[in-house]
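This report concerns only the one structure given below.
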Amino acid sequence: MSSIEVAGKMMETDEEGYLLNLAEWTEDAAKVLAAAENVNMTDAHWEVINFLREYYDEYQIAPAVRVLTKAIGKKLGPEKGNSKYLYELFPYGPAKQACKIAGLPKPTGCV
Amino acid sequence: MKFAVLVSEGPYTHQASDTAYNFCKAALDGGHEIGRIFFYHDGVNNATRYTVPPQDDRNIQQRWSKLAQDHQLDMVVCIAAAQRRGIMDEKEAKRQGLDGHNIAPGFHISGLGQLIEAGIEADRLVVFGD
Amino acid sequence: MATKKMLYLNRRAPYGSVYALESLEVVLIGAAFEQDVSLAFIDDGVFQLLKGQNTAAVGMKNFSPTYKALGDYDVRKIFVEKESLDARGLNRDDLLDLTYEDENEGYAEKDSIQVVSRADMAGIIEQNDVVFSF
Amino acid sequence: MSVLHTVNKSPFERNGLESCLRYVKKGSSVLLIEDGVFGALAGSTTSTAVKGAMANVAVYALEADVLARGIKGKLLDGVKLVDYAGFVDLVTQHDTTSAWL
């Protein structure tokens, strides 16, 4: 068991750095989680993170990558609706890395 | 003919995994091919090597393992269902920070896509469950 | 890979057993394989699609909102049997609104749910190459 | 297309058989397995429905399960018994298999 420190508060994470208690997630936590992944959070990153959180709120699942790219393309413009764009933002993959930063459940590794 | 088999129940509580085993054995004896046996829902519990039934009862897990070995069967345990129920191979146990693993020989953990793929590639899919 | 007609046959209510949830998980993963997918809800399976589910007090995850994502996953054929609804005192208005966007008609929103008769359902079951029963 | 419908629940406990019989079409078959074999009992509250179905479809029961439950002498006329190899054959003889769990 590991933990991260967010604004003076300790939050537990699992071996791979996913938050154990998703309810603890804050924007500050996202910044700490991103830093641990060497991801420098820009507005473009936040767009995707916020999109993922909204999607999860509405549907209770993290979208599959192809669903994410299609939905992002529709919402944020076709130039952003492709996996190349998303992999540039999150080099280890929008499913794993962006979900971790967004405080969504760890993907089971299904497919 | 090539079959895919889905086992949706655990051993001992329900007869489903016994029937599935007897079906698979008969299919193989009859010269058919089993493309994949996929264990889902409580069916993942067929794959723990820590089952110790009394000597006068069948050992369901060992029976599956032997069948897999004798016929080079592809026996897949669904990763999402396995994680819920504590069936781990070495890699998953490590990924989850657990101190041991319990998967039996002949079984391996993989994604649900393997079930869909088995259904696509086989001539028939047969489901055993509760 | 060949395209097959695949049916997910749902006959159980949610929460009382895990089948509804784990069936939905298969559907979501299976969508990536671009097969000809249909979902059928008969018997207690129709309870899966009820509006207004609130699981807070049982401490389980409410996965009913996830059915609304099926359109995004290009799962567009959701058949619900009328006789099963009738037997439970339910009708179409009690069910979730599930839609998809039809790219051939300017992304118009269309209903994914079709309420069908038992006779039609028998035909639907028979038309498939693979039936996943949950 | 022909469908092999498998039923593994006692009709006195669950509605799998009743439900299945609503969907069987001519040319399809029903195979009773596990506790589903109780659906083949003669003189029971389900016999009429099963006899009615046999006008259109073949009804089989897995002999191993019938024997295990001690009901071989109590089955409806016309129910055909198969072993596991026969089960395999039935799967190959139909286009699809649908399990009524």
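Labels for the chains are A, B, C and D, by order of writing; each one numbers its residues from 1.
Quick note on the criterion: contacts are C-beta pairs under 8 Å (C-beta built on N, C-alpha and C of every residue); 3 or more make two chains touch, one makes a residue touch a chain.
All figures in this text were calculated on a predicted structure; none of them were measured in a lab.
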Set of chains whose contacts include both subunit C and subunit A: B
A-B against C-D, pair bridged by the larger set of C-beta contacts: C-D
Longest centre-to-centre distance from subunit B, chain (CA-based): A
Approximate Å spacing (C-alpha centroids) for the pair subunit A, subunit B: 33
Rounded Å distance, subunit A centre to subunit D centre (Cα mean): 51
Inter-chain centre distance, subunit C versus subunit D - centres from mean C-alpha coordinates, in Å: 27
Subunit B-subunit D separation of Cα centroids, rounded to whole Å: 26
Where subunit A touches two or more other chains at once, by residue number: 110-111
Residues of subunit D whose C-beta touches two or more other chains: 96-97, 99, 101
For subunit C, residues that touch 2 or more chains besides their own: 25, 29, 32, 130-131, 133-134
Pairs of chains found to touch, sorted by chain label: A-B, A-C, B-C, B-D, C-D
Complex interface listing, subunit B residues touching subunit D: 1, 3, 8, 14-16, 19, 22-23, 25-27, 29-30, 32, 123-130
Of subunit C, residues touching subunit A in the complex: 25, 28-29, 31-32, 61-63, 65-66, 68-69, 72-73
Subunit D contact footprint on subunit C (complex, rising order): 9, 11, 42-43, 118, 121-123, 125-131, 133-134
Residue ranges of subunit D touching subunit C (in the complex, touch as defined): 1, 3, 15, 19, 22-25, 28, 95-101
Sites on subunit C touched by subunit B in the complex: 1-2, 4, 6, 18-19, 22, 25-26, 29-30, 32-33, 35, 130-134
